[in-house]
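Inspection log for the structure reproduced underneath, given as structure tokens.
Here the chain labels run A, B, C and D in written order, and each chain numbers its own residues starting at 1.
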């Protein structure tokens, strides 16, 4: 495999869909929120993505069945108050190399642009390194209009403060260059593994932004299930990612998508 | 050299061959087992493989003769009870970079697919870091059918537990995407260099799976010979790989193929 | 994104322009000087540059608006005593990988060569690791003619002493191979963040070389503004670059462009 | 610059030339020997080589003139007893990445093969980490015929002992795959910077092998000159290479070409 591969499972057509990215990052926050969204709203997988920039390995999953490194795309039609269509990107890894990140992000943007995507949401955790009592949701965006919308629903704007490393940053950045507008939501998390509380916090804000209704009743349970279901290797990988993306210096707040 | 090169030594045609991968990894377990298999069954080399993602070096072998970094393919015809054909991949190195691993694994899969391969076996060691009294063989597979077969012959299934890093994992994963089915056998090893005991343990299981007979009488001796024959550099490389692939954290069982 | 992208904002034609490079490096010295030059002389942006070898991230800027990793090109017409045209390269990052540096530097040289550039100036800081009382400006060049010019205006020539790592070195080197001539000016700096004093020192020398007049009155203030305006992430990145490019050994003077 | 560039300075034709490689490595041994050979025999430069896998930097040389990272090719006609032609590869760096090493080595082999090269010599140092009293020369080769020749002139054969990392190993290895035969000479050196004694030792053996006469009277002086002439950066780079290529473990003898 020399190139990124987007394997189409179902040929679909969508009407001006909104794109949501939630690949593995700090505290599993974005991934957990998106996986929950997919289950609750019964989103349908329509494409699988493989890349030579993913880690060269497989996970051993339930019952000893191996699991490739992958990203995948789900869709939803006519959701919520505005009857909008959605594309959701999830997976069990991100690209390892900078060039791999740019290449894959570019290829996925090409692909989703062909469905008419003009608006992006990226989800992630923001590690504090300390216990969080009242989970805040932080935000950044491609333009001031989006920032206003975030302020209206009580998302704390991070001004001149930090960066967004990885897919959650790059989708907004490269999307902006294509004329897309976008928002990044970051749930405050101590950085411990699988933070259902932070995932719930960003899901609540995301629901308001997307004008959809998503029950979060099962989220805590799902977090527990996820924890016991996913392989030790995935947990180790997750810890590695968190570790790698958490700055060692004195900065106490830091976001990685 | 900019691309992987598969140099064909003998043009052959095979009937629905089974593919066995055993490149260097933890404890030399897979490599030792496969080298033994090749010698015992008198497999014939039909292709050499070179890659720009191999370490940029040569080993100094017996009598001062240099030895390139290489992978090579052997074949066997009409073996065992089912009179099956085999292709065996061995070598003295794996690709260094993730992209190199994906690229080479993909090229080799293309090549063996042209011979009709639909079934894969990958062999390796699983480092415990502690002395092993009664060598266990662990397994993972691409599908539940294969898992059942493994359970029937007493291979311990690793469920949601760990990953398979490198060629032994990637061949199963990328093979699965092409509709191939496969099994990974991992011999428990303390991780010390050249573990004939672990190699024997996986050879016994492999023989049952392939319905072939392989004497393991000479295996211990071969391990000793190998040890004294191969260059110090190879031993150092081997130790490096083991070290690199053994997790530093508290996990006590870990497989690398 | 698989390739470097030069996005042309304004189609311009220039007459034998002089090229000035000042990408982020030690002490923000070159960048601060060039940004000041752009503001004071009201240079106009005519191209934006993006590269898959930049860090895979965005910065969060003022008001929570994300900022891509970028390089950009400004131009100036009929400046100073000789009424020369200029092209100025600035940005918020450099390529991460060696191959990325060579690739991007080559692409930018191709582009500026199409405007007729034959002369290059690259700006940077030279970290002493100690407080600097009387800021010296050090120089190196592609040829002895340029060295003479530097000596005439009191730039201290570094003979057989050190290297120039990154864009400030590579533009001179690869430019030289294309028959361009060039000078690198390096402002002595303790290596602390954003050194307005060192930036002023190289601006004074650069003005003499370019026969232009640039007030440096606002430079100190601009340094302060820059410091409070740019995001923490950029400051951290800056510190990282400085750290990475400052040798750990006993060498007390070292230049990175 | 995206590709390796071989810039031809003089179009030449040679008769079955012998190729000698001596790029920077441990103790500057190979490089010093080859530079001396070039000077003594008045070899003529006919090609310059640049690569995007070289370090992205320039050195500051004598009088403040910058010096690109480069490799270059010299030729000699009708030398010694057998009136043989030679091509000599020298330079101030090697490729940084494995892929870069394979790519550049392959490109140079393509180029020299077009002149009819069938025989290779690669020169380097072998670090002992301890003072050397009576400098030994170690050897390895592509075939037993060459090994015999080495033994006849008192070169110590390294059997199953170590590897040859970098260009000195790769030229032999990749050359062997093209049907070339070759020898690597490694001068024992404590690994201190610029070892004229080790360079002399391999020059004496090389002269016998090539049936040429090279005075080594000036070698010690040349080593001193080289030391004071080359930039601090080059010395630092050299030390870095030596450090990187010297194993940290207990192995007391180790060769890097």
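What we mean here is this: a residue touches a chain if its C-beta (ideal position, glycine included) is under 8 Å from a C-beta of that chain, and two chains touch if they have at least 3 such contacts.
No experiment lies behind these values; they were computed from the predicted model shown.
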Legend entry - Most distant chain from subunit D by Cα centroid: A
Legend entry - Same or different residue numbers at the subunit A/subunit C copy interface, by half rule: different
Legend entry - Chain centre separation (subunit A, subunit D; CA means) in Å: 51
Inset, instruction - List the centre-to-centre spacing of subunit B and subunit D in whole Å, with centres computed as mean CA coordinates. - result: 36
Inset, instruction - Mind pulling the residue numbers of subunit C that touch at least two other chains? - result: none
Legend entry - Topology of the chain contact graph, where touching chains are joined (line, ring, star, complete, other): ring
Inset, instruction - Note which residues of subunit B are touching subunit A in the complex, please. - result: 95, 98-99, 101-103, 105-106, 139-144, 147, 150, 157-166, 169-170, 172-174, 176-177, 184, 247, 249, 251, 255
Legend entry - subunit D - residues contacting subunit C, complex: 1-2, 7, 50-69, 96-97, 100, 229-234, 236-237
